[in-house]
């Protein structure tokens, strides 16, 4: 299945590592075990050959094709939709889905892809997560056979771009209170009219198809709709971009305004009702974030380590020689290693049908929190130089704040866990 | 003395609070004491009438004239030099200096001005600190009578802009290893030739006069020079701006390249030698930062509180009702209140000749660290919305990282304190 | 007024510092200001001559007379009631009260005494706080003239020991729900019958007089009663000690069981009703704790510093030379210095009638939290040796946990502050 | 192999859970996966049937036979040597050793035993770790065939008690500087004379055989000796207990004083030289600690959760309903879950010959740090009640401080990791 993905690999012998690479990916294991700061607790040992190969493919693409353009993209707040096509060509989109031209790889393999992308930029990863986990995932899990056939193959190739409209301006953490509504079209049979606003929607300004969750007026229950931009009459769908963001600037984010937008009934997900639908999708996306942010953290570690070894202060000693610096590096690598193991474990359980949403809350919360915290601490190693965006770490720090916040702000996940632990809810 | 400053006040009766103000400055004390979240431990009680008036003048100017333009300036990475002229007209520049058209106010009053400016933006405050503490302060403390007469009055009015060149690319935390050098001009008697590079120099691209510290070749001792841009032959002084900064974008920062730049001997500070000169200036600037960052933190508190009261989630409760939110606010206000008291105390001691540099290390370190930490925590209250720069807090967070880093990175101050406490140095 | 207190001083010339002292109290100020790790931000500068003298008296007594016995007392969980008599003789009890043989010193002076005592042990300070702030304070604030005349002079001398019964087994943080009740004696006119249980009551097993708060059955309002042990019929008052405590073992703690204990009406505080009574007393006690815990923290700093200078590891370097050690010391001294200034400020405001309970919540919470946190971090400097109780720091760590917990657990004060900041309560 | 161990199980049907148990060990998995706060990330899924059985045997013994006596033992600072015999009967000692009557179980299984013991008390676990990992491990790894035959079978049964003498009074973190020395006996051929002192030696006062590391005078190299108490002439071996400990009071700790103690050459480990010997043993012990402390942390979680559900404050709500409480529980369970996975991973790598000492430094450091931190935070849930030792959590908090400190203080492990990450050492 994932041989598809492997076949698309550029010939390895031809590939040279880019000069800005700060991380190596040796695949041979030495006879006497040696500590590897890039994988301190030997998580590679838990991966299959196939997973290792997928990871390497994704890392190589990201380092060679994404890294060189991210700095300018972030400065300009510009997202190039061709990136999704490139990813599609490599088989990186919807990779855990079986069929429809998707690679059908393990949950862990899917997350190794997100980690590779997020090692470059959380914004690039966000765009891919929306495409893969939220939209393709929703269609695969809840779509009709026709919906799947229509959208999945083209989305897998990155030729159709998706967005996922759940969050509303007044209900960030409490989607159950959403105001978007779908009512029977008073004239046009077989159609609903959708009305409402969604915000902070990754990809929305460039999306071809938008999964929009809204309450069906007749039942009051939340249902999912595939809003296909080219079917929408002028003025019924607006997707303005949100500009001047303080993070994730290499991705594109916007709103969705639906003003009595007619959507044919066959574009509604047939069976799924209530919050179960969006939460299932979020669950997959959150899982990908949990390992994804480790990529960003690992990039911070690699850059901070390289800087600490190169930069000399006080009698010509490298910063790496100072205890206060070493502690920062030790703490960060520990959290990266622990977070990796936890994510792999939950991925395995997911594939065995043994994972629960609370497990994913736990790893999403913890890995985002620790990635952000450590990225900030590692930034200190650069001193004033971190103010130059060319050292890259400031971008990760700004991005990771967002990852801590979206798809369940950290405190919300604390309360989800608290409820699971105690049986008592404290949302008030 | 500071009546000068007070006279320049716009008539208070005519002033209306701008609608975006989130902080009030009531000056009457109620009969029964009431807790005031804007000044939890009653620090106003420690201020003189004059200091309160100066603070109010500065706050008013900043809220009315700086706040409305900061968002765009930060986006565009643009600093308007007219700001220094406006500050000069109000008497806010070099305010603690006696004579030369300066207000001659107390150390605490000077810091209340920095707090007011930094409540809007740390970049604006940085520009002002360089002008007031680093450059005017250096000239006032170490300049000859002629130097003072020539520069101070015009600088006090903001008509001459200053920059302070100490930090070099390879010696951020260890200025004693500087490489910039001044040697006797081989042909032109009475002149030195300056050679070397400085970096991360606030105001350098727009500065008219640059205090440059360099080692005198004949003695190996560090001396200070007033490099007057209009006296420098073409090609001997370059001050390129550093762009694409991740913080302090509303200020302008650059490098200083001196390529055998001829400087007349009378532009050298006559007596001061070694690191004592720059460290004295840094000491004053650091003091201003210590109270300045509290302004930024207080603005974060005010904005987070307002947001928490307005934003409703889960059954229509304001965020302010949630325990996890209240704790964040309680922690932040505590640190703001403590930091304010500590800064006032050191200011008083400074005026009494009882302050030591280590005291200033302590309050600079602690207040910057706590301002940054709490700003980040308060940012969480905004959830995903903080990604919009219009909520302002993301800018403070990015700025405060820089304040923690410059004029002594936090860890360096830890080691300065550690040395003072134990008598043992641990820099190596 | 406090000359009383000063007169009781032993002749200073005769006093030698005990060999275990790790702190010095130089009173002369050097010409050039020098950093003093024992008072990093020059708080002495804020004290009057009288306050400095009182502080020195108290410190001397504590170092000479309490320190030598605390280790054994803590091991044995033994409290010697003579300590209160010794304190009484020096004028240290109820020192802020005017008249009744009390010293009538400033609020700050009173807290300097608690700091001196707590530098030795939080348990000793607790016992004194109960006597001074909770019981003598309650009688002074709310007692009738007869009650004051009867109890205050003897309590000031430590000849009558007091306890303060507010907390109940089921209502630790919510005294408003107390179950203790006072009803009219059905037979004996002019008497109430008290019934209920109080727990975690410092001094209760040895107390002669117990202030007990109970709801008056007829009104449902909380009232205060002076339960005089020698007036209680057998079986109506039991005050069993709580043994095997994990902290504050040098103080004695117990329960109060009242089983229809008859108390004459004239032993009820005449006017005060509701929670205002106990909260006023707690407010004073909390204030004393806020500066008291700084004493314990300062002792930890002094001991850790001395250990770090003496203990050598790796090539004979003292621990004090290691960056990770220096940072711990820098952090702790900063918090001690900040906490001292905040406590002095609130003390001054209290004497001016400008303090609010929330201010005291703030400094009680913050100083206890920081004292505990830093004590734990400083303990790490001792490595395994801290397991020996002779290094003293383990005792402080265990004690400071209790101070964080009693008279308002830290989180409760967070919510008190949160309510004051936002106007919204989050206790439920 | 470990059937030995399994055979010794009491019939399960006869076993009733003790009433003080706060943790359940359900072995059936529900059809729909459910979140289990006792094993949030499903680590049981990684264990073999045998490992689960061993874990259950150990947990059962500990809850039934150790838990009932620990409180009094801790109060009295008393260690009952019969405990090691009981453990020996169940096959819990030296369980990872093959042969000599040992169970020969996996590294992970061995650590599951330490976790079970430490769930009751870190002191009990320490005593067992010394016996199993440090002494039996040393003999098994480095002993001659005669040494193994002589000691291992009896030690496996707990009939011979061992101690491990490495740490010296002046060289806690730097054993390479040890002063203990072994010189050829001047008269008695085939004997060495050992001289030196060791401190903080668990089990030393009751040990029958003490592994003592000393420098061989002739080579200056560190060698290991089996000092057999009954062979030592009077006055040449003293092992006084260290009393009045602030933690680990349920274990016995002492010193070792060797005053020209004659030891036959055949009691020296034949081949091992230098620090490699003791460090190999420490490595195994540290591994056991890494999972062991999770047991203590899990007990804190279980007790805090039970308390939070039972204790009601403010309108009758259980503490468990408060957000600040839920966050504490969520944080602690996350760290316990992550720490468990990391320890299992390193155990697997160890059995595959792929583990490095730095991996063990990482998990020992992190798990001890997090166990201690979270235990302290969970303690806050008990408020003042935690001061009663009957709530058990104060004991865990005190114990966990010690685990953070011994076998490599946390900061030392930070520097070991820092060195491994950067290639630069920062011990000096």
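We just call them A, B, C and D in the order they show up, numbering each chain from 1.
The working rule: contacts are C-beta pairs under 8 Å (C-beta built on N, C-alpha and C of every residue); 3 or more make two chains touch, one makes a residue touch a chain.
What you see is a predicted model; the values in this text were computed from it and never measured.
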Pair sharing more residue contacts (C-beta pairs) when B-D is set against C-D: C-D
Remotest chain, chain B as reference, centres from CA atoms: D
Distance from the mean Cα position of chain D to that of chain C, given in whole angstrom: 39
Mean-CA-position distance for chain D and chain B (Å): 53
Chain D residues counted as touching two or more neighbouring chains: 322-324, 327, 411, 414
Interfacial residue positions of chain B with respect to chain C in the complex: 29, 33-35, 37, 40-43, 45-46, 305, 308-309, 318, 320-323, 325-327, 329-331, 333-334, 337-339, 341-342, 345-346, 348-349, 352-356, 358-359, 362-363, 365-366, 411, 413-415, 417-426
Touching residues on chain D, where the partner in the complex is chain B: 322-324, 327
Residue ranges of chain A touching chain B (in the complex, touch as defined): 75, 167, 170-174, 177, 200, 242, 244-248, 253, 312-315, 317, 322, 324, 376, 379-380, 383-390, 394-395, 397-398, 401-402, 404-406, 409-411, 414-415, 427-428
